[in-house]
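Here is the structure we will look at.
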């Protein structure tokens, strides 16, 4: 192995740049050449590929987004698309690949491995919805952004004695809502992994108000319903001075937190070690604070499990 | 004058606490007693009033929201409501009042002045929509929050070559959109004070894209239309990979910026000087970097003027 | 057990308030009364104790510092001091205690347990220097503050082609330096756990400069030496345009990160469970992402182990 | 005039990039070519000059530091150095220049103007120490960083009942100390523009402590003395649990605030208008909220005036 490539795929996540940098720096240290592939699989097929030097990487660790860009490219699901990508790999002499993205992007990586080009996957998504990893690259930053926003909203909720329903991202997963809810002292958390009881929530808010605790924040995962819809439901159950707000796309951007940068660095470093050992088709994770790997096929059959202890704990805090 | 009261009214704004603190500390320095009135005019009528000491004020300057709370209270528009408030002023021996809030809350202050209780108004609102002041207390913080959010959104716009339509607050005023747009290098700014030309905007974005500048941010003031609606219009004029997002209630909260704290401190300090001079019915502003005052009546007939030079300058930057 | 007390001791750390809140809310949920003890062991002996209600706790989770205050009180090392503290516990009817602080504060907790008052310890310190826990409450926030500062310093280093020696806290532990160094792409990290080779560092910086990479950041743990002293050493080994800067006390303050809030919440919650189970003399930790506990005695014989893989990895990134 | 150049000089300041971008975008709009000159006057003499395109500028407005780099170059004070610079201007066909930096860098600009190359100066420094401008580019960001740091320090001061002496930058000017002191509710502010009375400060702190207000922050400008030295003086006047801390180089870096970005944009825009009008040798400022200009010679004879009303107001707040 003399040359490796790296691309980012799927929704961008803070820390992707830190991951790319780590892969590149470790690979350079091992005497490899490293190539950045722009626009994910689309750029691979198009040959939008350039050499990564220490100079290019100098200011990347603190940057949000992905300087390699990302793009959707469903055509890579077909053999035809894959073969075009492989042509480019041949052309540039690239022997192996690191892919940073959601588990959707692992399918392409697995196909390349099967074609003889070892590819390793790093979990890059703010949603924390990938199996066999406790945390994904980008989750901590999105969480930090959501918490910062909810803290601000709490100021207004308190000043005006209001109930705010705040929608956070996470696609089908409740992780962002669980962590952000606990971290902001949310009076209720609503996640796809658990049924919610609107009567119980309304009753609790009413009791709180009668006890003089007259503001509240409900954090809801986008995977359940919109903040607007939940507010509409809530309003049927009591005369709350409620507001709905959606934190939105800001959760995807911003300079990565220290945690995300360190996680990305460790994972990128480990990816190169796996490739050096001649391995491919593996997805990297962090489990119980250790960097681990699993065959990509295993991920396709498994579901991510949110930490529902947080849910139960928060309920106890709000009896 | 021996005792003065202070209340916050209307939508909460970062820096209100700094204003209350400044009024209280300066008044204490002048040998006055100072009373905080909770929940705006509602609390005045209800007699929800307590003494402000140096101890109470110790940790307030950096806090968002208003620790005196705010509430709507349309009943204060009627003489009946005003007389109830005056009863409470008599009961507590309060001679004069400072009101922090939007110009809506100045009406109550003017009525109290007419009843013989001098009241001075401080412009506390994130919308910057008050006449005779270049800046309101809270505007700089809301601007800072909006800019921080748009910077994050730019990360995603860049990574995915997208056009983001971002809606900021401001009620009928374009100030937040103008300042946030210039500060984030927005490719277009849409404000109520100027007609927009959707054809021209779409044409420019298309030209940019063809020149390789393939992401854009359009900042739109809520006073024009929602981000969703503008995106829908835009999509009719071209095949942009566009997204709409609303920054929302976070703009009202958060620890005030240094600018807002200093502005609030200066205005609060000046309010006490006006009251000591036996004056009332005055609205405080900052004009051309000087703290000024105007009779409240003048404000009711005047409109706020946004700095439209910013609009023209931004257009020049985006030819 | 009907009433529990809680105090914070040693240097303040962000997240202490979140821990106190969690202990209190979980205890309230279990039908217990909860008492806050001001000023650590000093306040215990002085009887500076007050009841914690949901209302008092409402706005605490996001606050830096400790609203229960902290204070040094070496007299508690003597039986006499301990007995005075126990008198107060009797007076208030407090059966058990939670102590949040560094492992120095665990000695007092262990003594109280031996006297029949179960006490559980939570690791609250920014230094991450407590055995049997991968992370302490406050570490993530201090790390975040340090990284934010070093990012800013990198701007100047880059603009002026300078070498910055940046000193971070950590007392005898290198954790803050290791994490902050990796997270900011430091060209070198200097920690107490490893010898440093000033010749090698100077040689590397010189090579970098010759290759056009003409700025650098060296992160040094306070446990090694001051930034000033290291800069003086470095300057003997080459003609660097170097600067020394110490991040300083800001690392101890600020609103806790989401991670610190969640960690503090989990640990506080678990502390109540241990006390409910009739246990005392235990120190709580997080190991391999699980909340754990160990007898306090074990901690006194054990040392904290920094994650030196980070050190080796960073060296590989900087060959 | 067909081509203009731009350089940054002196200490870097947040917002310099926004200024460069504004100059370039406005000039492009006027049909000019724009050239960036790296490393200030040193790069001018060395011919380190490159064309600025819309693409290069795309992500610069939010970046700290200066992407054109800065460097000291005393040789430009001599005619010999100036002539070498003019050779390069001729070589690249550059007709006029914008210089962003402290007033030290205006001397070079004035010399170039005298040689027939119109040059306009923009005040770029965090110190706010330039005459004929109320604010310099970078001041608001440095202020924001200092205030954020002091807020964190206040957490620890409060938790431990301590007195913190905090040193901020500003060279010979007290502006940063004045604004940061007012914005953080400092119990005392010490600036070069006013004598300080250590007895009075110590007496006030003692009175505060006796009244139960047992923590304090003293903000001192670096132009007076170091925090360490002031602490040593203070300790001679009472038994305070005092600490000294220096905020340091972080004040020079970081993403510029919205204010700094807008100020830099307005000034950069105006610089192009002056050059288009055939003017040179002018320094741009903002006075009473209006963008203004003065002949550079006038600045060399004038001193900057800090807003000492802030000093007096803060003293009134702390009687």
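Should a chain be cited, it is by its letter among A, B, C and D, assigned in written order, with residues numbered from 1 in that chain.
The rule we apply is simple: a residue touches a chain if its C-beta (ideal position, glycine included) is under 8 Å from a C-beta of that chain, and two chains touch if they have at least 3 such contacts.
Since the structure is predicted, the reported quantities are computational estimates derived from the model, not experimental observations.
Novice: Treat touching chains as neighbours: how many steps, at the fewest, connect subunit A to subunit D?
Specialist: Contact-graph shortest path, subunit A to subunit D, evaluates to 2.
Novice: Can you work out the whole-Å distance between the CA centroids of subunit A and subunit B?
Specialist: Between these chains, centre-to-centre, one finds 35 Å.
Novice: Starting from the mean Cα coordinates of subunit A and subunit C, work out the distance between those two points in Å.
Specialist: Whole-Å distance between the two chain centres: 27.
Novice: Between subunit B and subunit C, what is the separation of their C-alpha centroids in Å?
Specialist: Measuring from centre to centre gives 39 Å for this pair.
Novice: Among the residues of subunit A, which ones contact at least 2 other chains?
Specialist: 151, 154, 158
Novice: Show me, using the given definition of touch, all chain pairs that touch one another.
Specialist: Going through each pair of chains, those in contact are A-B, A-C, B-D, C-D.
Novice: Over in the complex, which subunit A residues touch subunit C? Could you list them?
Specialist: Residue positions touching the partner: 21-22, 25-26, 28-29, 54-55, 58-59, 61-62, 134, 140, 143-144, 146-147, 151, 154, 158, 179-180, 182-185, 211-213, 255, 257-259, 261-262, 265-266, 269, 287-290, 309-310, 313, 316-319.
Novice: Under the definition above, what is the set of subunit A residues touching subunit B in their complex?
Specialist: These residues of subunit A touch subunit B: 8, 11-12, 14, 63-66, 69-71, 145, 149, 151-156, 158-161, 164, 243, 245-250, 252-254.
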